[in-house]
Each structure stands twice: as structure tokens, then as C-alpha cells.
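So, here come the structures, one by one.
The same subunit A turns up in both complexes below, where it pairs with subunit B and then with subunit C.
Our next item is the complex of A and B:
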């Protein structure tokens, strides 16, 4: 039987309805989390912004809520992020280059890749325990910034590796061949053609991974970040605190005033995160513009 | 149908005489495969120096594989295997001590899809081969870039924007940029794999003209599935079919008086 385009009154009637319903569900799936996020951020802003002033940012913590500030935690977090990036990015990108460019057919490489994908799903507390045993105790770093950064670096490495591999994989085969056809060695083609092409993608993945580390609390607590620090870290070996730990500490106090401090602390954390991300995205876009 | 075969032959004899040219490549017993799939079943073929040799044949018959065996690009595919011998000026390119990287500096290649490096300017694209493989100072870079772009007939169109990105050029310009890039390495041979299949007729004509000039200095091997192009722009034509060399001869002769029935069927459009 020939099918007419206007055929089937029943289908004509049900399909738009089913389609509308599906659209509505998808829209709800977008709006509901967004709404929750807006409420959360709004709530934090309402409670915290009043407490937020220059003194809050530049003061040391105190037993008196009204005098307490967030400086050591803010500085600690910035140091942590910088160290984490310095450790995780070269190792992660190096591992991705190896897996994608050199070992991509070997069984060992496939096994490693599978394990890396699994590692990305391991709870962060486990990384904290590993960091405590390996960096703090065995390698004798103590409860230092460096130990914290090494632990966070381990935590973000799988994501850095996986997303860098993905970025390397998007470089067209024709460009690699173009380099080989000019008499480039494997390394020369990676260095001059593949890496520059993949850089924006690598940066994007790295930014997402490292910014995940700034909010991590559990592994830092396990590794031994202090909750009450009245000095700024002097070196990578200094004891330290970080924003989420300071916030956690304030939230767990009974007094209302400390809860307000916590809200203000969250605002600082969010602003820091957004600033770092936009700087990083800015850098990435500059590289990307070169490609057009 | 015979007229059609005649039609594609240029009216004036553009071809250079073949007799006086020494062999550049001597290929014998070349077998190439991907895994268990044998794609070339023993090719014997001599490619003369400073001539344009066109390779025609239906798609999938192994044309690309064949020219990729000439500069050892074939072996970059993980499952690829080769046997037989390919002599370049009498030296086996599959010899034990041959470095494929050095070979590829003598045997350049231009691909079907123009592939200028997107991260590089026009100038940097041209000197990419030299820069990739070692140091290159700025003044020499300009000199080499200009001469290669002149040879590729692109200089006048880009001389005012050498620092603009290479990927911003038109398709035909990009392909000539890729030819300039290959020339800058100063090879003896240029392999072209369907260099015009993504281009409009005007860009195609420019590239064909360019090749005719380049054959004074370079040995050129060009794959094409466009028979008119082979007839117009080559001295010698090879017809491949399912991994075998069916016929090789002077272009005018192959298109007017093919020796093999299969060649005749192909050039008269009866299959392929």
C-alpha cells in the first residue's frame, strides 16, 4: 500500500503530543537543576555578601566570628591549585602523548587506558588515604602544601590524561601525514603539528580537571590540612589550609555568626573558581583563534 | 566510443619524448597489503626521470597504495605490509639501512585533500619541512619561502599576506601551498595523489600548467581518476586494475591505441 504523507489520522494526532511531552521533559531536565543551582547560590549570596568586605579577605581566622578572615585559606587554595597544575599537567599530557602516539596498539596501553578510566571514578577520599600513606609518610613530605598538591594532582590526573588523549585524537590524520611526507620524524610531527593543534582541547580538559580540585575537601582533610591556620604558607613544605576546609570548619560551629562567615567563604570560593576559569578560558581562546 | 578516447588527447604533442630519460624508480615485484588483504599483487614498473607519470584506474584498485609505497608512507598504517623492491636512482628504498625520514625528503608528496598546517602562517607552512626537521634562520626562511611560492605559481597571490594563516586560502591556493611546501624541501620526486579532485576547473588547470613547468626539474608521479587530466597533463600513463599494472605507455599511445582490452574498456568508459 502506498503511504501518503497525510496518511494516518491517529499518528498525526499522537505524534505531536508525544513530541511535545518529550520536549517538556527535556526542558524540565534543564530547568530543575538550574533552578536548584540558582536557589543555592542565591541563598549563599543573601547570607554571605553582607559579611564580605576587604577585611574579611585580608584577615587571619579568629575565635571571634566578627574578626575572622579567610586570607590563609584563600592563599592556601591558590598555592594548591598552582602546584597541582604544575605537577599534573606535564605528567598528564606526557602520559596522553605516550598512549595516543606511541603505544596505541599495544595491549599494555589498552590495559592502562582502561585502568585510567576506572581511576577517574574512584572516590576522592581514597586518593586522600593514598596521599597520606605515600606523600605524607613514605616520602616524608609531612602535612605540607606539597603533599596536598601531589594528592590533588593524582586525583585530577586521570581526567587530564583522558581529555588530552581525546584532544590529540581529534588532530586529523592528514596533518600528521603531511608532516611525515616532509621528512619529519614522529617526534617532530608531534611537537610542531599535533601538539599545537591539540593545545586548545588539552587546555579545556586541564582547566576542567584542575578546577575540580579547588573544591575538593575530603582528600585534603585526610592528608592533614589544618583547620585553624593563622599564618600564610611560606614554602611548599608549609602546613596549610584551603578554602573548602575553612568553610567546612565554620559550618560545623554552632554559632550563627560563623555560618554567615561560611556563606561569605563560599562566595569567595565561587569567585576564585570563576576567575581562574575565565582566565584559563581566555588563554585557550587565544590559542584557538590562531587556528582559524 | 572510440572518438571519446580520441577526444581527450591533446591536439599538439605536449608530451616529452620518453626514450632519452633514465629511470628514476624501478619497481619490481611490489606486493602490498593491509593485514590479510593483499592490495598490490606484484607490480613491475619503471618511472622515468623528469617526466610526468599519471596513474589511472578505478577507485580502490591500489593507486594510492602504490605511490605511498614509493616514499614509504604505506608502512605508517599499522597493519600495512610490503615486499618486493623499489629502486630510487638504483638504491633500494626498502634497504636495511635506509631511513624513511631521509627518503621522504627526497620524495615529496601532495595529498588529495589540501592539508596546510592550520597553526602556521603561509610562510611557515612553506618552510615547515625545513623547520620541522631542524633549525632555520629567519632570513633564509624568507628566501626559501619566496622561491618555493614562485615555483608553485602562488607568490603573486600571497606575497602581501605571508603572515596570514595558511588555512585561510581557497582550496586551489591551499593545494598550491602544499606543493610549495613539498618543493621547499628540495626533493627529486613529487608524488601527487589526486591533487585536483577537490578543486574547481580553473584551479585544476593552474595546477596542471604548474606541473608541466615543474617536470623540467622534478620527477612527477600523479594519481588521478580523471582521464582527461591524465591525457592533458602527463607524458606517461599507467593503468591499474585490482592491484595489478595492466598497461604502461606513452600517454598519447595509451589513450589512442591501448594494447590491452581492459585498458580500452576503461578509457572508453565501459567500466570503472
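Our next item is the complex of A and C:
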């Protein structure tokens, strides 16, 4: 540890052999998983990039692997993410504001906190079962984009709340007190002082949280995303497919050509995910500069 | 000395609009309670309907799971065995790798190396699971078939290994936090007594961080139990009461996906099976999560 005065580490040749071996073993435990990640991405790229062209992005799916494209899945995924964000972000930020600014250490707040931590551990496929009964059947949304987005919104809500709370927590207490001292009401101080300060953090955190939803497959399968869609969604009530569902469909087929399609689909999925993440980081950098 | 800080206007002096806004924020937070209640209600209602038709005995005392065939059996054990088998293999990978990685990051790495390597490891948990499923089926299984004779195209070992890699960062990040939280004065005390590096790590630092480490293991294993797409793609769809990792099996999660891919009308017994299986899965993960969070709280309160 850098700060310790009596650091027990002995340098160079005097360091015991067992320690050097153990240290190498620990380092290997970091490096090997990273290498596997490189192999995974490399394998997908090697198989998939050759198949990627403009026609693949802009074509409808087909029974013939060479003609099949990914357009309805890509459009479906983008719609889903947008709808999910519209639903999850205001609710998540609202919940975070309650827990950080209103609830303090009240019993209700503690109960909600505990509950959110538990929800974060519920398997995503279970959210699918909830969405199927609640949104698809009871609320009569059918197997629509909206039902899928509501399900995904509930799924990402715990992460949105968690990251928004972290952003709110970075705002110094003194600023709130300054606002109160100037006669601001509770909401005025939140609206004019706390939220503007926390906004970049909230945006970055929520984009990262919502972008996770783009890779979610199991809950969408359970709420009834279709595997073979040859049209683009027209409204939130349209039936839909999504990138991971299309990839799953291709992976499930025995023919080699469809596996190549799956790899190309994964490249599209990863690029979309990376784009969203870089937008999140870009927003943070930009706002941080402005605030300073 | 604590100085009373400035507070917003509260009580009856609060303007009505302010109270409405506060109520809205509370409603947002309370939605999470309704989500939990909704999950439990949905699972309970359909599971009760399932048991009223099938009977609890056929669920717990049958060794076959064939609700989609003409000769229907509803024994849950093959699905539980499949889930525990893949999860066990994942734990065999994630526990040693995750713990050793956490020790490296906390005890050996420089501040800069830690700041780069930790987020890089966490990328592993951010890769969509469908991508891991593809990797298990298309890359890992053929590679393993070259080494393990008699390995089927669908099996438990390949998705288990890949799932293990996916949850390494869950083990390493939380364990590293726990190791990092161990006070330096403990390490310095050990060094002052003449202890070398390794004995200090094994006798002082690891025991002090034990509840945090245990929490990371429990939460990571719970994640593996609920993981769906990797096993749905690479483990096969054959519920089988076996601990042989070389043959096709089916997990609880993969069964739910299998039924959902077909068009099963609501109200049929096939439809209800996915909720009965979902309830079982929920119970497993819920117990582990509560237990894991308890451990995590214990280490934070130290």
C-alpha cells in the first residue's frame, strides 16, 4: 500500500520465491479473463465483418442466409431503447431524488432502498414473466413494443436509481444549505441548485444503465418479441423484434451461413452499445468542462 | 461539535405545490415496492393455479420433466440439476479467478494499474449475454470437443465455463472493495511483527475482509443461477437428471425461454409451468440475494 510506513515488501532478489509465484498467479487471474475477452471479440469480428455490408443493415430477414438483413431488428432495438429511456429515466431520477433529498433516513426510505437492492438481483427472465402477465395480458398491451419497453424499464430501474443517487450525492451539502439560507424552498433548491450540478452525472449514469437494456434478450422473448419480422414497427403498439432476438434466432439454426449472420449481427449490437456508451462519456466530459 | 444546518421550510408552512412534488417523488420510489409485489403476485397466482391442476407431489416426487410431451411428467428435479450443474461449473471458474484477481488489484497492483485493470475486468460483465451464448456454442464447445472425448454439441460444461468468465468481475470487484477497505494499520501491524507479505495477506487481510468476499461469492453465484441466454443457446433443451457435464441438459431459465419461443396460449398447463419454474428460480435467487446482502452490510458496517 502506497501510504504504509513499514511496508513489508522486500524488493528484488530478497523477495521470497513463494511471494513472486503467488503474485504471478494473481496477475494471471487478471490477464487470462481479459485475453478471453479479446479472443471473443476477435472471433466475432473475424466471422462477422466479412458479412457486414450496407445491404445487411438495410434488408429484411430472409429464409436464405445470404439475403437476410437486420433492419427490423435494428429499428426495433432503437425504438425499444428510446421508449425504455422515456419511461425509466423520469421515474428513476424521481425515485433517486426522493431517496437522497426527501426520504433521508426515514423508515419508508430504508425499506425502499432494501427493496431496490433486492430487485437488482432478480433474474431478468423473471421480469419477463411479470411483463407477460401484467403488461401483455392484464393491461392489454399485447405483444407490442410498448409492453417490451415497460418490461425493460422495470428491469433497468434499479440501476438508473442507483447511478442517479450517486450523482446527487456528489453535490456538496453546503450548496443546498446556501439555497435554503437565501429563502429557497425545498423544491427550488433541488430544481435550481442540486439538479443542474448533478445533471451530467445523472445523464451519464442513466445512459449507461439504459444501454444495458439493448443487450437484454430473455425478458423480450418471454413477453413475446417475434423471431421473424419482415416489417418495421409503425407505432408503440406494433409487434416487434430486436437485435438480440434476431441473433438468437440465427444462432439457433444449424447452418454455418446463419452463424455468420449471427456474428455480423453481434458486431452491429456491440457497435450500437459502444456508440451509446461513448455518447454517455462525451456528455459527461462536455458538461464537466462547462461547469468548471 | 455539530452545528444545526439550514433546513428547507417544512410542516404546515410548506406550499401545496411543494407537497405535490414531494408526493410525486415518493410515488416514483414506491413503484419499486409495487414491482416486487407484482413479481410475487404474478408468480404466486399462476403457481397456485398450476398446483391446483398438477398437485405438489408430482412436482417434487417425480424424476422426469416432460410437460410438453403427450406423456406429461412434472418433476422439477431435472431442471434444478441442470441449473446447479452449470452454476457449479461457473463457480469453479469464477471463484479462483475472481479472488486471485481481487488480491492482485488490492495488494500487488500500483494505483495506476488498478485504475486501468479494474474497469477493464468489469467490461466482461457488460458484454450482452447473447454474445457469450454465441461464443460458448460456436467457439468454446468445438474447442472443448477436441480435448474431451464424447462431448456432445450441447452440454453443460461449455456454457458453465463461459458463465464463469462472465461473473468473474462480480467476484473480483466486490471482493477487491472489501480487501481495499481493510485498514492499512492492520497490514502495518503484521509487518511490524515481522510477518512477510504472503502471511500478512492470508492471515490478516483475507480474514478481515471475509464477509465482503463471501457476499461477492453468494451474489455472483445467484447471478449464475438466473443467467438465461448462455444456457439456452449452448446447453441444449433436454431436461435430464444427471451430473454428467458432457451431455445436453436444460436449466430452469432455459425452459422458460423454450416455452416462450413457441406460441403457448395463456391458461394452459404448459403456460403455467413457466410460472411454476419461475417461482422456483425466484426462490433460489431471492434467498441467496438476501443472504448475500446481509453479508455485504456486515462488512460495510465494520
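Criterion: the second predicted complex is superposed on the first by the 263 of 292 C-alpha atoms of A that agree within 3 Å, B and C clash if a C-alpha of one lies under 4 Å from a C-alpha of the other, contacts with A are read in each partner's own complex, and residues count from 1 in each chain.
Simple rule for what comes next: a residue touches a chain if its C-beta (ideal position, glycine included) is under 8 Å from a C-beta of that chain, and two chains touch if they have at least 3 such contacts.
A quick note: this is a predicted structure, and the numbers were derived from the prediction, not measured.
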Report for A:252: first if it touches subunit B alone, second if subunit C alone, otherwise both or neither. second
Who does A:222 touch here: subunit B (first), subunit C (second), both, or neither? second
For the overlaid complexes, name the partner, subunit B or subunit C, with more touching residues on subunit A. C
Check the residue A:177 against both partner chains and state whether it touches subunit B (first), subunit C (second), both, or neither. both
Which of the two partners, first being subunit B and second being subunit C, lies in contact with A:53: first, second, both, or neither? neither
For A:192 in the superposed arrangement: first (subunit B), second (subunit C), both or neither? first
Subunit B and subunit C contact sites that coincide on subunit A, given as residue numbers: 177-178, 180-181, 184-185, 189
Would you pull the subunit A residues touching subunit C in the complex into a rising list? 1-10, 15-16, 18-19, 22-23, 25-30, 32-34, 36-37, 39-40, 43-44, 47, 90-95, 97-99, 101-103, 108-109, 111-112, 114-119, 121-130, 132-134, 137, 154, 157-158, 161, 173, 176-178, 180-181, 184-187, 189, 212, 214-218, 221-222, 224, 227, 244, 247-248, 251-252, 259, 262-263, 266, 269-270, 273
So, in the complex, the side of subunit B touching subunit A is made of residues 71, 73, 76, 78, 101-102, 104-105, 108-109, 111, 113, 115-119, 128-129, 131-133, 165, 167-168, 178, 181-182, 185
In the complex, the residues of subunit C that touch subunit A are 5-10, 14-15, 17-18, 21-22, 24-33, 35-36, 38-39, 42-43, 45-46, 96-101, 103-105, 107-108, 110-111, 117, 120-121, 123-124, 126-135, 137-139, 165, 168, 172, 184, 187-188, 190-192, 195-198, 200, 219, 222-223, 225-229, 232-233, 253, 256-257, 260-261, 266, 274-275, 278, 281-282, 285-286, 288-290, 292-293
Within their complex, subunit A touches subunit B through residues 105, 172, 174-175, 177-185, 188-189, 192-193, 196-197, 290-292
